[in-house]
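Chains: A, B and C, in written order; residue numbering restarts at 1 for each.
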Amino acid sequence: MSLLGGGIFKGMAVTLRNFVGSYFDKERLTTKEYAWRTDDKLPERAGDYPKEEAEQLSDTTTVTHYSRNFPMLLHDEGEPMDTVRCVACQICERECPPQCIYIEKSKDKMERGGNKAQFYPATFDIDVSVCMSCQICVEVCPFDAIVMNSQFELSTPDRFGGLLLRRDDLLKSNDYYHKIHPEEAAARDKRIADEKAAKEAKKKAAEEAKKKAAEAKAKAEAEAKAKEEAESAEKPAEAPAPTHTDAKKEDNGE
Amino acid sequence: MNWELIGDILLATVPLLVIFPSMFALTTWVERKALARIQNRIGPNKVGVPLTPYGGNLSLFGLGQPAADGIKMLFKENIVPTGADRLFHLLAPILSLIPAMLVLCFLPLEFPWLNGEQNSVKAFMLDGAVIFFFAITGLNTLAVFMAGWASRNKYSLLGGMRAIAQMVSYEIPLVLSAVVVVMIVGSLNAAEIAEAQAGWNWYVFQPWGLAAFVIFFIAALAETNRSPFDLPEAESEIIAGYFTEYSGFKFALFFLGEYIAMFAISGLAVTLFLGAGGGPGVEALPWLKVIWFLAKVCILIGVMIWLRGTLPRLRVDQLMGFAWKFLLPLSILNIFIAGFAWHAKKANEGTAVSVIVWVAALIILYAAAKGLDHVNRAKVKPRTYQYGE
Amino acid sequence: MPNYELIQQDGLETSLLEVSMGPHHPSTHGVFRMDVKLDGETVVDLKPVFGYLHRNHEKLAEAMSYLASMPFTDRLDYFNSMTNNWAYALAAEQLIEIEIPERAEYLRVIMSELTRLVNHVSLVGFFVNDLGALGTPLLYAFREREKILDLFEQASGARMMCNYFRFGGLRCDVPEGWLDRTREVVDRFPKFLDEYEKLLCENEIILSRTQGVGNLSKELAINAGITGPMLRASGVNYDIRKVDNYGIYDRFKFRVPYSKGKVGDCYDRFMVRMLEMRESIEILKQALDGIEAGPIMGNAGKVFKPAKAEAYGRVEAPKGELGFYLVADGTTQPYRYRVRPPSFINLTVLQDMCIGQQVADAVIILGSIDIVLGEVDR
């Protein structure tokens, strides 16, 4: 025979334990208190929000090293636009599920880091009110030029222009990337270095081979070309680039 | 002009009007904090004293929250739905506050700073205090239904109808459990009831008193629409029940009225069963009575908050069934047991028989409650499940 | 039910009270509407109205590459993005020859069982919230869910919209130490479940509110195509993890709880979920013991371009059978893309269960079905 109202008393014991426990047990009180500092002042307008601090927040516990939010464009050491990795190949623009990237290719080519001269993005916009943080663009980019940022304090008083991130807003250095996603960035750098080493070794081998047989070199070239062609053939059909007025008006209904 | 009388009246009523509303403000903060902790949250923690001389915000565990809420309520827009009955829509919150405030003066609170022939002033010495208490709190039902009707909203109407059914039903066990004490003391006067319990003679220590106290407390929860009997304002079913269409200051009045009613009915429970202002040290320092009284009220309120943090709510038919099929028979039985036990104890004062009577009464009451519960919820029990590989 | 004609003969006018519960209502779990006809407090008629959250998911997917639909499946049932991903990946993997590495299979099981924990624990919280419990159980559930979501975030970068599965494996490996952290969470979970059961399973109010409410017979459940815990609560032993053995579920020892009776009520649906969580923990423990290092991505090429074919992939999502039906026409985009959402199909019996009950019951019956409007309306 059970006690009259026994279930209710048991439940009350549980809530009492939680009430007391929330003062002592870290496991129970998982909320973190966002402390006001004495010199804290609330921004007068939303636009005055301390941006620099927001960028540093990824060092704090509020954002983990794993979180992803919106994409950013990587550049290596040096002037951002001189070392930007993106070559405006527009693969990401085509693959982005909600079509929120808009790229315009440059007219001229630019040399970067001793590589062959390539195009660069004259315009590179991401409408973060449409972007759904899916990371598909990062996966498809063959040049490791676009990665995910974890900056989350993007509130702005201008809901159209303010949420349209321009190329210069998106440019972030590789160091910053290492700061916010250390593990991922290290792995990526290692992969790039490996690939580069492999490529150089291949090049060396190819040069040696060139000395031996000219046909072999021609064949290798043909192969490289074929591979490139296959890649471009495999790209899905051209999707219409998002017109900005449309993209801006769209509401992310989630 | 009888200035002395006016002075007396002011000295007797002003404390009531100051103490209870400020207790209300504090209770809303305590409730939010306690519920938050029960739910493993932090609760209000930001609003304190803004703009201190140091330039920052002194947060004081969010103690400024009630003030901020009050100011917010005052400045909110007053929305009356089209088609609502504007007059009654306005009257309802006022009408729900007035009886709650009015019954406060029946509580045997003694403020010892005034003297005359007696050493203290009670707001209202009335021989029929207990009766008046119930009569006036009953008016609250009217206000609730008025709100439900005047809002011209189906959810409000449902809430109003639920409230009427609930408050009328639970009035009966409430009164019947109070009758036990009235019967034993032989007086309806709150002060006399308090005096009869002086010196740890609290009725809650008697078996019938305990049963009556439990019944009274449960019925009081229902009377004040507290969880698990908060059906008239059941959020998950009918939005906010009768005050769905209330906003701003009118809503604040409802809110205030509800909490004051909670204090009033807890105050009556303390008076009837928990020895009113009795406690250690009251003989030496009479003003401790007020402190003890309020402390006991606060404990009861704390239990109400705790229950609210734990329990889901009943359904309408179960609620009525609980009142009529469980509380009512039990409280009637309790009246008889109280009578017998009292006389048996009187006749055998100080002997072993009185102890036996005490235990027997408790067992009978518990068995009766258990039996009633068993009959009412015969089919409801935990089940077992089978497993497929 | 009173005889209205008799009342009207007495010269009184009477009619049913029509209440439109939703789309803005605290307990319709999203933008869902129930047009309820009430006789006093009794539900005489109930019509579910949905479609407020229609996002054209299926048609959109037909104009996108296969991979680009993956992040959109997260948004179907936003509580369980991992199982949604899996169902879609299963369907797509049938279209092409692809080998899934061992480690990926284990991680898939781990992710989907963690998802089941997240879903059931918060469903129970929501359900008791609908019963009127001011969110206490819900917040306990969210406290535990938080720990699992942290794991998801560490693995995939996002807490809810994980987008973690890929055709032929997973997007990336879990970071170092992740498995240990998962084991910690899994080991601690039963303690929380004990507490949760103590708080809820014996509570007299919950017992009397849920038992005998929202009866769903075995026959009706089968005829209506109900799946998942709801079907098992009606006494049918059917679990796609056992029936299909997709992934590597045949390697784990676990049991499927189902009701003893022929009729399932809200209490059964609530308890079956509570018991299922314990089984998920068993699976998780076995999977965490069995997992080994290795690659996480199969031999899939960068571009997904299946030949002409049809495929249907289904998983036991926490809410029931979630299936994706794909018709490939040889291009990089599906010709037809169809979702079989468990919430939507389970919702079809709402009317049958609610009629004759009280308003308050209609709310908890809806809660016990466990719907997510993102999935119902797609």
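Throughout what follows, a contact is a pair of C-beta atoms (placed from the backbone, for glycine too) under 8 Å apart; a residue touches a chain by one contact, two chains touch by 3 or more.
Just so we're clear, the structure is a prediction, and the values are computed from it rather than from any experiment.
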item	value
Chain whose Cα centroid lies nearest the overall Cα centroid	C
A-B or A-C - the one linked by more C-beta pairs in contact	A-C
Inter-centroid spacing, subunit C versus subunit B (mean Cα positions, whole Å)	42
Rounded Å distance, subunit A centre to subunit C centre (Cα mean)	30
Distance from the mean Cα position of subunit B to that of subunit A, given in whole angstrom	57
For subunit C, residues contacting two or more additional chains	136, 140, 143, 199, 201-207
Subunit B: positions in contact with at least two other chains	38-41, 309-311
Residues within subunit A bordering two or more other chains	8, 11, 14-15, 18, 28, 30
Touch list for subunit C against partner subunit B, complex	17-19, 25-27, 38, 41, 128-136, 139-140, 143, 199, 201-209, 211-212, 237, 239, 242, 255-260, 267-268, 271-272, 275, 358-361, 363
Interface residues, subunit B side, partner subunit C - complex	35, 38-41, 154-155, 157-158, 162, 227-228, 230-231, 234-239, 308-318, 377, 379-389
Residue ranges of subunit C in contact with subunit A within the complex	53, 55, 63-65, 67-72, 74-75, 78, 136, 140, 143, 146-147, 150, 153-159, 161, 163, 171, 175-176, 188, 195, 198-207, 302-303, 305, 331-333
Sites on subunit A touched by subunit B in the complex	1, 4, 8, 11-12, 14-16, 18-19, 21-23, 28-31, 33, 36-40
Interfacial residue positions of subunit A with respect to subunit C in the complex	5-8, 10-11, 13-15, 17-18, 27-28, 30, 64, 66-68, 95-97, 132-136, 139, 148, 183, 234-237, 239, 253-254
